[in-house]
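Please go over the structures that come below.
What follows is a pair of complexes built around subunit A, which joins subunit B in one and subunit C in the other.
Now for the complex of A and B:
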């Protein structure tokens, strides 16, 4: 379980996270939603120790982040993070060199699934294919948790469909997924838990399906409710 | 421990591959420029001598009086030899910044990947440090190889009458720049390299301050670098600053310098470790 307890984060004088607490469980898809600048990416960066927090605690299965836990949690940011002059194949070799959790068989499976050309340089790939390479680098790791930041941003409809398929495929089964997205329609039916952020705090934490069934509201309806207060 | 060393070597190798193009370019420029210098400078001298003799029907002695004799030191002092040294120094000052900032800026943000590698983050720090040092030593070696090649070339081009036979070591020891590049005294060699290492440590720490605290980090980094470098360099320049009115013996200055180097190195390492583990941001 990824657990955030009373997490505070400031950017200069601006309070971005003001006592955020929630959990993301293994085997569940948790979605962080909120308008731009609400701190979704900051939360993911903070979990991966890529930005310091002012106060609070973040644990992964009860442990504070340390280097070997990067074999347990993978982060797929919304920017290209492998060297542009690497080919897809070289990028895979790089991952294999450093991560004991790198699963070569699964990596090959994903390259086939996404129809990636292994000999092509990352810099020469389209934005959609770069996003697929990012996904490949995260999904081919035998990790318990995957964090994804805006996996659909700036991506065409067909690639988006392919990425959506990932969520329902066995590539993420049994893992805990924590995702941020604005394109909530694409994955609403797959989400287990929604954490809605507003003004640095959690406005509401709910089960998407339950909300649909009991109150007849979609995730976007709840978001509207929050931001139209 | 074994795993850490393995990771360190693996990452150092990776960083060396990334340095290779830049290093080979600098080595190529250094080698070619030096070779041109060792051929062109003595030929230019001989050209002037011959022209003087031809135009003035002068004797060799008169030509020497006019232009002076030529030694290997004269070749070393030419732009073709000093220029590449200046280029190498500025190149590696630039690379010491570039080796960090390229991970954040540019087409892709590789800093994400590096900071998420399942290795101790200080491994990245040590590897980058070692790679800059390997680069500097490789460039110095290129300069050294070209010296050995250039020495017989210069003596072959300059006629014996005009040539002051000077050993390679003598020429190197006379030259203010080469004296630092190839110190013959072990103590001096160790001091120069220790100072170089600590200067690099301070620079890396200042860069990590900026990467951790943004604008505040720039101010902090500059203050830290100025204070730390003043501490480290002061004993070296103290005799000159006091117009050689020594207040301390040389051996005392060396002990003070060694203590200051250790203090600044340890402080830089601890600060860097804290910043890269807890404060750095992508």
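Now for the complex of A and C:
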């Protein structure tokens, strides 16, 4: 379980995270939702210690985050992470040399899953295929937790479908997935937990299926309530 | 296999309803193998934990059964099937009856109309 307790973050005078607490469990897909600029990416960056937090605590499986625990987590940002001149195959070789947790068998499975052409240069791939390469780099690592930042932003509908298929596949089985998105509509049925952010605070944290069962509301219904106040 | 889910009802109930329909209609026979949980989640594009919940509930209602390390199967007990058919009929009729609430029509007329419609359908088949 990744747990955030009372996390604060300022950029200059601007409060970006103002006491954020929530958990992302193993074996579940947790979705950080909110309109642009509410601090979703900052939260992922804080977990990865790419941006140090001012106050609060971040733990993984009960232990305070420290460098050696990062081999339990893969972070997939929404920008290209590999050198553009590499081919997909070279990028995979690089990952294999660089990360002990790189799983060659799973990597191959993912290239088939996404129908990626291994000999193509990353810079020459479509935006959708570049996003798939990003996912490949993170998903092929043997880690317990996967963080994905806006995996659908600027992606065409067919690539989206392929990416959403990841969430019900073996590729994330038994792992904890934490994704940020402002486009919830076509993944409502795939996620376990929703953490709804509004201006640096959590408006609501809920299980999507429980929300449907107890209140008869879809995730989008709850979002509407949050943002139409 | 294609199901359109309603976004406001629990998905596990919709999955159960889907299988109940397959069973009462005979598209799934007693003792037939069920898809694996992961396979079904993938096909229906829903959360695997939700499928797990639907299967557990169906096991509890004895609609399906699972032996260790084997795929789940549809019940082999005809009594369970009969019970399911009864429930299906009861639900359909209740829905029909409440749809008639706003209008005042003699019961005999309704029964005649049902007979006509059912006969028409039989002819169509």
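Basically, the second predicted complex is superposed on the first by the 227 of 229 C-alpha atoms of A that agree within 3 Å, B and C clash if a C-alpha of one lies under 4 Å from a C-alpha of the other, contacts with A are read in each partner's own complex, and residues count from 1 in each chain.
The criterion applied here is as follows: a contact is a pair of C-beta atoms (placed from the backbone, for glycine too) under 8 Å apart; a residue touches a chain by one contact, two chains touch by 3 or more.
Keep in mind it's a predicted model, so treat the numbers as computed, not measured.
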{"item": "Contacts of A:24 with subunit B and subunit C, given as first, second, both or neither", "value": "neither"}
{"item": "Which of subunit B and subunit C A:189 touches, first, second, both or neither", "value": "second"}
{"item": "Subunit B versus subunit C as contact partner of A:217, first or second or both or neither", "value": "second"}
{"item": "Which of subunit B and subunit C A:165 touches, first, second, both or neither", "value": "second"}
{"item": "Partner chain in contact with A:98 - subunit B first, subunit C second, else both or neither", "value": "first"}
{"item": "Touching partner for A:136 - first (subunit B), second (subunit C), both, neither", "value": "neither"}
{"item": "Touched partner set for A:71, first subunit B, second subunit C, both or neither", "value": "first"}
{"item": "Intersection of the subunit A residues that touch subunit B with those that touch subunit C", "value": "none"}
{"item": "Subunit C - residues contacting subunit A, complex", "value": "5, 7-13, 38, 41-42, 44-50, 53"}
{"item": "Subunit A - residues contacting subunit C, complex", "value": "27-29, 164-165, 167-170, 173, 188-192, 208-209, 212-213, 216-221"}
{"item": "Parts of subunit B lying in touch with subunit A, wherever the complex brings them together", "value": "7, 10, 14, 106-110, 112-113, 115-121, 212, 277-282"}
{"item": "Residue ranges of subunit A touching subunit B (in the complex, touch as defined)", "value": "45, 48-52, 67-71, 75, 77, 79-84, 94, 97-100, 122-123, 137"}
